[in-house]
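Look at the two complexes coming up: chain A is in both, with chain B in one and chain C in the other.
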Partner chain A sequence: MIKKIAKDEWASGLSKLAKTYRLFGPVAERGPDGARTFHNFKALAPGELPDLDLGNTRLSAKSLVFPQSEAMFTYTLDEDRDDHHILKEVPADGMSRVAFGIRPCDAKALAMVRMNFDTPEYKDPYWLRLYEATTFVGLACDAPCPTCFCTSTECGPYHEEGLDLLLCAEGEGLLAKAITEKGERLLADAGWEEAADQDLGARKAAAEGCITSRIGTDQLAEGDLLDLHGADFWEDVAFACINCGTCTYLCPTCWCFDIQDEVFKQEGQRLRQWDSCMFPIFTVHTTGHNPRDTKTQRVRQRFMHKLKYFVDKYEKGIMCVGCGRCVRHCPVNIDIRKVADLMNRYTSDAAKAEQA
Partner chain B sequence: MLTYIDEIRAASARLLQEGAVEMVVGFRQGSQPMMNEPCLIRRPEDVDTLVWDSHCGINLTNYLTNRKEKIAVIAKGCDARNIVTHIIENKIEREQLYILGVPCQGMVDKRQIAMRVAGEITEVGESDTEIRVQTTRGEIQTFAKAEVLQQNCTLCTHRNPVLYDALIAEAVSEQTVDRYTDVAAIEAMTIGERQQYFQDLFAPCIRCYACRNACPLCYCPTCFVDEAQPQWVGKGQDAVDVMTFHFLRAYHCAGRCTDCGACERACPVGINMRVLTKKLEKDCVNNFGWEAGLSPDVRPALDTFNLDDPDKLIK
Partner chain C sequence: MENPYLPYPVRIDEIIVETEDRNLKTFTFVFLNPEDEERFAYQAGQFAELSIPGKGEIPIGIASSPVEKGFVKFTVNKAGVVTQHLHNMKVGDIMGIRGPLGNWYPWEGLEGKDLLIIGGGFAFTTLRSSIIYMLDPANRAKFGNIDVVYGARTPGMLLYKEELIEWEKRDDINMHITVDGTDDPDWKYNVGFVPPIVEQKAPQADNGTYAIVCGPPIMIKFTQPVLEKLGYDHNHIIMSLENRMKCGIGMCGRCGIGKELVCKDGPVFTLAEINKTPREY
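Our next item is the complex of A and B:
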């Protein structure tokens, strides 16, 4: 059932929700001259509305459940204290959260990242407690960017996977479609219960029609892993790369982290921080040996992980949702769409050569 | 400037054919509007993939570090000054290089243009004086190039390469500008205001190190931020750690930075960290009469002393 949210009900609903939930949403960063530059997800101040007038946030929604720096434990080195040298867990804040304005690509990415943090053998308590505490409210894309290729990644501008509720703009107000029980509860809690006599099918089709960028991935699963690893194009793909962390830090599906202890005087904390396979230090062994010592090896690792290793391991397509952030913000214009096509074509050429 | 590419391709093909160089470092057409991709050409038949326009702001000196081959490199004024610095610092030998010097009238700041148009930019064209962009809304907008240049280009006083083997076009006129009005404004702040200014400036930083890695000066095998024993700085998002990274990075560029703008251009969150390196540049000019990268035969300010230094300290 689709609900209708009038402009004034939006603000009043949010202030109702703020009593029981912590609210997050896209907020515009401002340049030195006060002009809006780009959006990122932030905790909303009392009375602040999420800014839904955006293409997409500069950083993905992953930080909502996987912060760039997160304290896991604290400890003291002060031997006068009984609990010295004992790790103490940092308690969760325990409050329910709502994250507004998540694009469907980022929502699918959350579901994908969950495959890493929530498995039958291992459950990551930090990721899961934030994930479970959050109601994810999506924002459908009626005007996708030229760099969006989500229809090639089993996603799309109205894709619902990973979301509890999907919003789309309707005149001055919004339409809301509950996808899960969590989403229905949120609608009730906010008092957004006026039914709309609409369905989103036509809008979905129109939005999908606006996606002009596509990639081919159909051959990737078939290809021989070692062949692809030894392909002749990696030096050329990697030449321009400066090995910064932009692609991996902006990516909604990159999930790697490092654990560091930081001590100030006698008080320490154990932090989990985002890490990046683009950094040489990512793979340095304690012996000093680095198995991925060159930038070509590191660039190849990133693309092989997203477009081959993940494909083979999970059999759920590629580890990319087509948000286009790495394409838009790579300082040297390395384009995953070009690399995906190179890899796909290489595999299909190899298959043809074998048949001939 | 739009005809530069013919000469760049002809010279590159000639050098590769004659065997004078093994490779050419230049730019190829990017996949994004207002972006080109640094590339390496080894065969004369591939020189047509080279491009040159107002979107070649990346500093190609970054791609020369520690290479052993004979290389032709396309160099703007700033790139040439960084090549000089590379030669002084033994990161490449002068004899390895054939420098194709490009007199430069500035590179376009794509973010400024993106901010000024509604919708997304899909196509870009240019004449000698104008940039024309088309958007997803079907609109076409035109900007005078001079109004949408990277800030470092508007302040550039060495647009012509200082070191080259061939200049691919006639030299352009040099600008006379006050390079340091923004630095002076920060110097005029109280300590409290300045601290707030830097906190705000670096608040969006995500520690991706694009600024460091786009910079030809940053070639240490292990950067101080990556050292574990001792660990000089925390790796997280603590504001003091973030500022420590930026301040120390800038100090490592003192007397070496050419204000090529690679750091600011590369930043995915639009931080103008150049205010730090410009302050150090200003101090070098005022205290030592030193500008980086003008001659391979003069030792840099921080690696020598001179009894004629304008500063009183040594007298």
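Our next item is the complex of A and C:
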């Protein structure tokens, strides 16, 4: 069921929602001259509207459920206190949230990353609490970036996986398609109830047609893991890499993290923060031995994890949604599309050689 | 929702200096909340995160055995930030233990089999746990012959010396203790590196023989060809890996060796399984 949201209803609906939800959305950063530079997800100030006039946010939406730095526990080292040296959980924020303007690629990425944090054996309470507390309001892409390749990653500009509601621009206003019950509830809570006699099919097809960048991934599952690991192209792929970690920080499907203790005077907290497989310290042992000591090993780890290990482990395709952020922002122009093609072709070449 | 990052609070009950260089100490912990001991039920071969508020956590193999009740024990080498701090702590201090973590030696599959246990240096902790488990009167009949080759640089660097001597006296376990070298004229056990002692003393493998190997990389490197010569299949060589870890529950991403995570899919793997990974450990 598609609803129509007129421009003035948008603002009034948001102020209604602000009473019961914490609202998040893309907010433009501003340069020294006051001009808008790029967007990131932020908590919306009272009365502030999410800025939906954007390509995509610079950082992915992952920080909405997986903050870059997050307190897990607090404790005191003060031995005069009865509970010294005993970790206490940081109280969870129980309030419901809405994330507006999340692109379908980022929503799919979160649904995929859930497989890491929500397992039969262990549940990550921090990630899951925020994920479950959030209603994800997507924004369809009618004008994708030239670096987007989401149609080759089982995603797309109108993909609905991981979303509760999908918005797309319609004149001055918006169209809204509820995907889940959570999404329907949000429409009702905001008072956006005017039915639109429309179907998004044609718009979806047009948007998908705008995406011209593609990668091949069909051979990756077939290939031998150790053959790919030992392929001859990794030195070339990694040659220009400076291990800055930008790709991993921007990536919506990168989830690796570190746990650190911070103490001020006698009061401490245990924090978790984003980490990156690009950094040598990520894997170094206390002895000084480092299993991934060279940058080539680290670059290979990133691509092998996304395009082979994940594929083999979950059998749900590659760990990439085609958002193109790493392609746009890599300072030395390493392009995951080219690496995916190298890996895919290497695998099919190997298969051909075997048959011959 | 249960929080897998929350350690059980424990009190240090006893600290024993194990080795002559004083770099290895065995810590005995008692749970502050007695019901946590039940929740911490573990198997020989598993590890836990020792958690020191203000310093961090360190993954360490469990040295006590599931058949020992009322406490848990860990033998810790003084190396990094957390272990150096731990070595300076005293009996009565409060800290945390998070676990048990990882898989364990495949005890069910090992029943009815002959076992060759090979340890080197301070990688004898989960092997101690295993031996105590197998020698327990309730369990000994479940296993065939048990041979143990355990080596250290000098007699003073062997862990758990009193227990080693006890086991030497038993007739239901064949101990082959060795040291790289010693000037002690009273040393009555073997002298030599672990791989040649394995070659001389270890039983030939058949279908019903398994080897469990824990030790420094150099020992493992030279022990593998000896085991192959003795006829041990790669499916019958069981090893425990180490990698840098944080979460211990398969989420933080750093201990991966290909698609396997050492913390959750391991730390115990057969050599056949390890051969299928990129061996980034």
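Rule of thumb we're sticking to: the second predicted complex is superposed on the first by the 356 of 356 C-alpha atoms of A that agree within 3 Å, B and C clash if a C-alpha of one lies under 4 Å from a C-alpha of the other, contacts with A are read in each partner's own complex, and residues count from 1 in each chain.
Note that a contact is a pair of C-beta atoms (placed from the backbone, for glycine too) under 8 Å apart; a residue touches a chain by one contact, two chains touch by 3 or more.
Being a predicted model, the structure only gives us computed values, none of them experimental.
Under the clash rule set out above, the superposition-derived model of chain A with chain B and chain C shows the two partners fitting side by side. In the superposition on chain A, contact of A:H84 is made with chain C only, not with chain B. Legend: residue contacts after superposition of the two complexes on their common chain; A:F100 is shown touching neither chain B nor chain C. In the superposition on chain A, A:K338 makes contact with chain B only, not with chain C.
In the superposition on chain A, A:P146 makes contact with chain B only, not with chain C. Once chain A of one complex is fitted onto chain A of the other, the partner contacts of A:L271 are limited to chain B, with no touch recorded for chain C. Contacts of A:N243 after superposition on the shared chain: chain B is touched, whereas chain C is not. In the superposed model, A:F24 lies in contact with neither chain B nor chain C. For the three-chain arrangement built by superposition, the Cα-centre angle with chain A at its corner and chain B and chain C at its ends equals 90°, in steps of 10. When both complexes are overlaid on chain A, the residue A:D258 reaches chain B and chain C alike.
Of the two partner chains, neither chain B nor chain C is touched by A:Y131. The minimum CA-CA separation between chain B and chain C in the overlaid arrangement is 6 Å, rounded to the whole angstrom. When the two complexes are superposed on chain A, the residues of chain A that touch both chain B and chain C are 258, 260. Of all residues in chain C, those touching chain A in their complex are 1-7, 9, 32, 51, 53-57, 79-80, 83, 93-96, 242-244, 246-247, 249-259, 264, 276, 278, 280-281. Those residues of chain B whose C-beta lies close enough to touch chain A in the complex are 30-32, 35-40, 58, 62-63, 111, 115, 119-120, 122, 136, 204, 206-210, 212-214, 222, 226, 234-238, 265-270, 272. Contacts from chain A toward chain B in the complex involve residues 29, 31-32, 35, 37-38, 40, 55, 58-59, 68-69, 143, 145-147, 236, 239-240, 242-246, 249-250, 258, 260, 262, 271, 273, 276, 279-281, 327-329, 331-335, 337-338. Those residues of chain A that touch chain C in the complex are listed here as 72-73, 75, 77, 84-87, 89, 116-117, 119, 121-125, 128-129, 225-226, 229, 255-261, 263, 268, 270, 275, 277, 282-287, 291-292, 297, 301, 304-305, 308-310, 312-313.
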